[in-house]
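To start, I am sharing the structure in question, which I have written as C-alpha cells.
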C-alpha cells in the first residue's frame, strides 16, 4: 500500500555495469511488438520528435511542494524541469549517460577558481518567464536565498546553506532580511553572471546547482508558502493550475524559445498530473492505456506485479536499480554494538535473503547487497567482507552462523545479546524486513525487539536524534538511502561522515565518527580529478564496511511500467531509476 | 408547546453543543500536546516533527515560534479558538496570509489552511455515508419488519442468521472480499480508489461507490434489521396494539399505523447517531476502498501528528453528531407527543 | 445539553424480544430465574453451538500456542520470489500437510500458528477491555441511576460526550502517542497490549453504562429497595447488596455481547496499524497485510477474516442466546 | 384453530346452534412453548344473555384474561391452539376466519382493558383513536365520526369533551382515561362488552364511578357484559352470575347471591375468606389461601386445587388422582369438587361462614 517515497534521491551512480542489465532478471526478450523487457534501462525507446497531445501523469500522493525551492522528492525534481530551468541538469538520456551533468540555464558548467572555493556561471541570454519578463542572475540568487535561508520554506535540502559562506551576522533569508545585497557569498556582477563563494573547496558543485533550488524565482512574484500555487515558469511549460491533492496542469509557455534551450524537446501540448490517486487504480489505468505514467517512479503495486510479468505485458516493463540502498545501521554508542565483534556477528547472522523477500523479492525489492554504495552509483566497487552462504530451505547456513558465534564470543557475548531494531510504522515492507532480520538474528541468540515510529518523525524525533537512540537503547535502525547528488560523496557523506551527526534529523544513524574516514571525505571532495575521486569513494566504502557499522541489505529495484503511448522513454539514474520526464511525449 | 419553546430549546441545545465541541477540541489538544509531555517529550522534540529535513536548532526555534508551540497549551488553545472566532494570520513568507473566520488553522505539515481541506474531503464522505444510509435504512427496516411479522418463519430465521452474520463481519474484510470478487475477478465494478467526485463524472461516481455502499450498508442493514425486528416485536406485544385489534382494525392498519410508527422512533435515534458518526469519516470503509474522505484525511493527519487537521476533522465529526442528535430529538418530539423539549 | 430521549443505539438493541408474548408469564413460575435461564439455554441449539465455539476458542487461546509451530519461523523455500506468494496449495495458499492453513506470502510463516497466537491476543485484549468497560459502566451507571440529580446529570452528559466522539480516531491517536513511551516499566508489546485494553475498554463504557443506569432507575423504585431503605440501610449497602445482585443478569448478557464488539475494535486498530507490534501476530494486522496481496494470494485474506468472523459470530450467538434465556426485561 | 373445526360439517353447526346470545362450549386455549404446553384455558363452558352480566373471578394466571382474549380472537394465533366452540349471536367464532372475527370486533363485541395508559396509543389523540374505531365499522365522514366521538366522550362523563377530544392519552388522568377507553369500546354499540379488570389500576373513588358508568351504560345499551376481575367486591356490585376459574377451568358457577352465601367449592371459600369486608370487626383476620397458583404447564393431577385445599384429605385420596367434574348441584349452581355435597354445606356453615 504505502509506496516508498524517495526522501532524497537526486542521483545514482555513474558506472552502470554490464551486470546491471543481467541483474534485470533473465531477460527473455518477451513477446509482442514492444521494445522489450528492460529495454529502456540503457537506451531511450520509442524515440520521437512528434509534438502535440496530452501527457497524462498520476501520483498516489502529492508533492511535498511543487515549489522548486521547497521540494525534496526525486520525482518532483525531475518533473520541475518542465516548468523551470536550473543552472545545470542531468543529460536527458538513459542509463549511465543520464548521470552526466549538462548546462541548462547556464551556458556551460561552472568555472571553479580559488582552488574550487569559487564557482562562476554565465546565464543564457533571452530566457523569459511565462509573463514575458527576462530571467536574470538575481532571480537565481534570490531562489537560492529563499529556499535555503527562510524559516518558511523548510521542505527542501539545505546544502547551499551548509557550503556557502554566511554573512558576518547570520543571514536570515529574504523574508526577514530586506537588505538589497542579501547573502553576500552569492554575487551577481551582471544580469547574466552569478558567482558562488564556498567555505571549502567543493569539486562537485555542478551537481548542487543542478537541484531545483537554482530554478529562478522573481522576487516580485514570490509569495512564500503560497508560491506553490502561483509558480512563475522559466521552462517550456507554464503551470495553469495546481490544486493540492487534486491536479496540476501544464500548458506551453509561449515565451519559451527552443533556441535558448538545446536539451528540451517540449513535445506534448499539455501535461496533466492527477494527484492523490489510488495506487492500484493508477496501475490499472496504466495497463489499460488510460494513463501514461506513474510520476513517482517507484514501481507497480504488489497486486499488479503478476499482471505486468505476464508474457504479453513484460516487454513494457523495466526493472532498474533505483539508486537506493536499504540497510541497517548499527549504532556504535549502544552497547554491546560498540564492540566491532558484536557488529560483525550481526553482519554474518543477518538473513538478507529473508529481508529481500520481505521487501518484495528480487524484482520489486532488489538485489542482496554487500556494499554501502549501490551498483548504480559512482565509486561502486564489488566486494563482500562478510560472505554468507544460505540453505536451500531458507536461512543462513550453519558455517556462517558459526562465524557469527565466534564473533559473538570475541565480543564477550557468546550467548548473544538483546537490543532493539527500529522501522517506520507506516512502511509495512520495512516492518516486514525488521521481522525477517529479527528471526534470523535469533538463531545466534541475538534477541531484538521491534520499535516502530512514523516515517514523518523517524529522523527528526527518533532514530536521527542520538540522545533518543542512546536513551532507548536502539542498536539497530533500518533505513533507506539514496544520494542527494550522484557521486560517492553525495551518497556516503551524509550517512557516514562523523560531522553529519546532528542532535536531531541526522542520517548518520550509526554515529560513525572515524577521523580517517572523515579526512578521506575531505580529501576526495577537494580533489578535482574525477577518476581519483571515484577510486577514493570505493576505498571509503570498504573502510566503512570494515567498521561493520552498516549492514547492507538490498540494492533497491522496482518494476516500472512503460505504456506504448509514451515516447522518448528512458530510465534516468540521475533521479534514482525512474523515467526521464524532460523529453517525454505521447503518440496520441 | 409553542414555536418559541422549540426555538428556546434549540438555542439551549446549540449552546450545549458548543460546550461539547469545546470539550472535544480540548481533549484533542490534550492528547496531542499534553500526553506527549507526560510521556516525556520536550517542546523541542514536538517541534522537531514539523521542521522539515534540516532540523537545526535555529529551525526548531523558528518552528516553535511559528506554530506557537513555545506557549503553554492553554494559550495555544486560546489562539486556536480565537482563530475560529476572529480569523488568523499566517506568515507565508514575504507577506502575511489571512485566514478569515471561522479559521481552523493551518496544517503543521503542509502549511495549508485546514478548512478548505475539510470542505474538499467532505463530499466523498457525504456521498459514501448518505448513499449507504439510504440503502441500509430501507433494506434493514423492511427486513426487520417482515421478520417480526413472520416470526419463526423460514424468512425470519434466514434473515436473522444473515443479519447476525452481518454484524459479525468486519467491514474491512467484507470490503476486501467484495473487491476481490466483484472488482478483481468478475470486473463488474471498478477497484478501490476509483472514486471520482459527482461533479466531475456522475456515472463513474456511482459505479465507484456501489461496492462501498453495499458493503457498508450490509453491516448496518444487518444491525437495523435486528433492531427493527426486536422493536417491532416489542411493539406488537404492547397493550395498545391489542386495543387496536380489539377495535376491529384490519391487520394492515394495525401494523402500518400503530405498530410501525412506535417501533421506528427508537430506530430514528440510532440512525441519527450512526449517520452523524459516519459523516465525520467512515474511517475503515474509506481505508478499505481508498475513498479520499474525511476519515482518510484524519488518519493521515494523525500519523503525521498534524494537529490542526486532526482537530478540524474531530470538530467536524462531533458537530455532525451533535447536530444530527438535535435534529433527531426535535423530530422525536414531533412524533411522540409525550416527549417535551426541555 | 439536555437530551429528552434516553434511548440510544445500544439501549434500543437491548430491548429483548418478547419471547413469551401472549403467554401468561406466571405459567412458568416456581423456578428461579437462573434455573429457567439454564433450561432455556439448554434447548437453544444455536446458542449452545455458539457457546461451544466460544469455549473452544478460549481453550485455543490458552493452550493453542503450546501446540502449534513457532509463528515467527520463516519458510522462504515455500515462496515464489517473483510473485511473492506461496508456490503451492490452491489459490497459492501454501496449504500442505505441514501447514494446515497455509503460509504467509513472501516469508512463509505458518498461518495456523499465527492465527492461534492471534486468537490469544485478540481474546485477551477483548476480555480485559470488556472487564474495564463493565466495571466503569456498572459503577457509573448504578451511581447515576441510584443517586439521580446532579450526579446523574454529570454522568449522563459524560456519556453523551463519549458518544459524540469519533472514538476510532481518538483510539488511533492515543495509541500513536503512547507508541514509544515507557510506562510503569512496560514498553513494547507489554505496554501496547495494556494500552489497547485501556483504550478499547475506556471508550466503550458508556454503552453498558446507559443500560445499567436505566435498569437501576427502574429498580430504585421497587419495593425491596424501599424496604431496605426504610430499615435504615445505607446507600452503599443498598447499591451493592440490593441493587447489584439484581443487575447480574443484564451485566452478564451485555458483557457477553460487548466482547465481540471489542474483538472487532481491536482488529480494526490492528488493521489500521496501531495494534500489537510485530512479529506478534494479530488478525487485523494480517488483514491489513492482505490488502496488497489479495489478488495474488486470496487465502491470506480469507483466513484471518474468517477467524474474526467465526469468533465474533460465536460470541454474538452465545450472547443472543443468553439474552433470550435471561430476558432481563422479564424480571 | 384445529383442522376439525374448520372442516366441521354444516349440519353439525346447524344442529348445535344455541339459543343463548353468547355460548362458550368446552373452550381450550393451549400454548405450546419450549417449557411445555401452557393450558391457559382447559375446557371452559358458559352462557350469557343480553342485558346480563357475568363475573369471571380467579387469581392471576387462572385463565380469565386468556378466555376473554380468546372470545375476541385476540390471542396470539401463531402460537395458540384453540378448540371448542364460541357462539356469538348465532355465529361460531372458533371456526370463523380471522377476517370474519375482526369484523365482529369493535362492532358486536368490545373490550375494556385493565391499564388504560398502556392500552391507548401514545402517539394519537384520544379523539383520533375513537374516530378510528368508529369509522372502521361505519362508513361515515371524519367530521361525523368526530362529532360521534365527542358525543361518546360526553356520555362517559368527560367534561368539555369537545376540547378534550384533541388531547393525548397521557394528558388525561387515570379515571378519565378509563372513561375514554370505555367511550372507545362503546362507540359502535357493541352487544357484548368484556371488561378485563377495568378498575384495578384506578383509585377507589374512581373505581366506583367507573363501575357505575359501566352499569348505567349496560342498561342503556342492553349489552351482555363479562366482568373479569380478581376483586369479588366488583363482582358483587355488578354481576348477575359468577364464574370462578382455577387453573384454566371453571370450578364453580352460580348466581351472585348463591356464590356469596352458599358457595360450594373450597376455592371459592378461600376467595371469600381473603376478601376484606368493611362490615366486620377489624380485629378478625383475613384467611388467605395457602400456597400459590399452580403452573399451567404442570397442572397437578386429580383436583388441581388439592395441594392448597385444606379439605383434600377428606376425599380419601380421590382428590389426588381423579379430576372432579363440574356438576350442577342445585339449579343454576355448579361446582367441581369431590367432597360430598352435604359435607361441604356443613363445613361452610360451621367453619367458614362465621368467620367471614
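Letters are used for the chains, namely A, B, C and D, taken in the order the chains are written, and counting of residues starts over at 1 for each.
The criterion applied here is as follows: contacts are C-beta pairs under 8 Å (C-beta built on N, C-alpha and C of every residue); 3 or more make two chains touch, one makes a residue touch a chain.
For clarity, every value in this text was computed on a predicted model and none was experimentally measured.
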Centre-most chain, if every chain is reduced to its averaged C-alpha atoms: B
A-B or B-C, whichever has more C-beta pairs in contact: B-C
Centre-to-centre distance between subunit B and subunit A (centres being mean Cα positions), rounded to whole Å: 40
Whole-Å gap separating subunit B and subunit C, where each centre is the average of the chain's CA atoms: 22
Approximate Å spacing (C-alpha centroids) for the pair subunit A, subunit C: 47
Averaged-CA centre spacing for the pair subunit D and subunit B, given as whole angstrom: 54
Where subunit C touches two or more other chains at once, by residue number: 21-22, 176, 180, 288, 291, 294-295
For subunit A, residues that touch 2 or more chains besides their own: 303, 425-426, 454
Multi-chain contact residues (two or more partners), subunit D: none
Residues of subunit A defined as touching subunit C within the complex: 1, 301-303, 305-306, 309, 351, 353-354, 357-358, 360-364, 392-395, 425-426, 428, 431-432, 434-436, 438-440, 442, 449-454, 462, 472
Residues of subunit C defined as touching subunit A within the complex: 72-77, 79, 81-84, 106-108, 176, 179-180, 182, 188, 273, 277-279, 288-289, 291-296
Of all residues in subunit B, those that touch subunit C in their complex: 12-13, 16-17, 19-20, 23-24, 27-28, 31-32, 35-36, 39-40, 164-165, 167-170, 172-173, 176-177, 179-180, 184, 223, 226-227, 229-231, 233-234, 236-237, 266-267, 269-270, 273-274, 276-277, 280-281, 283-284, 287-288, 298-299, 302-303, 310, 313-314, 317-318, 321-322, 325, 328-329, 332-333, 339-342
Footprint of subunit D on subunit B - complex, ascending: 151-152, 238-240, 242-251, 253, 258, 261-262, 335-338
In the complex, subunit D residues that touch subunit B: 69, 72, 74, 78, 98, 102-107, 110-111, 113, 115, 118-123, 132-133, 136-137, 168, 170, 181, 184-185
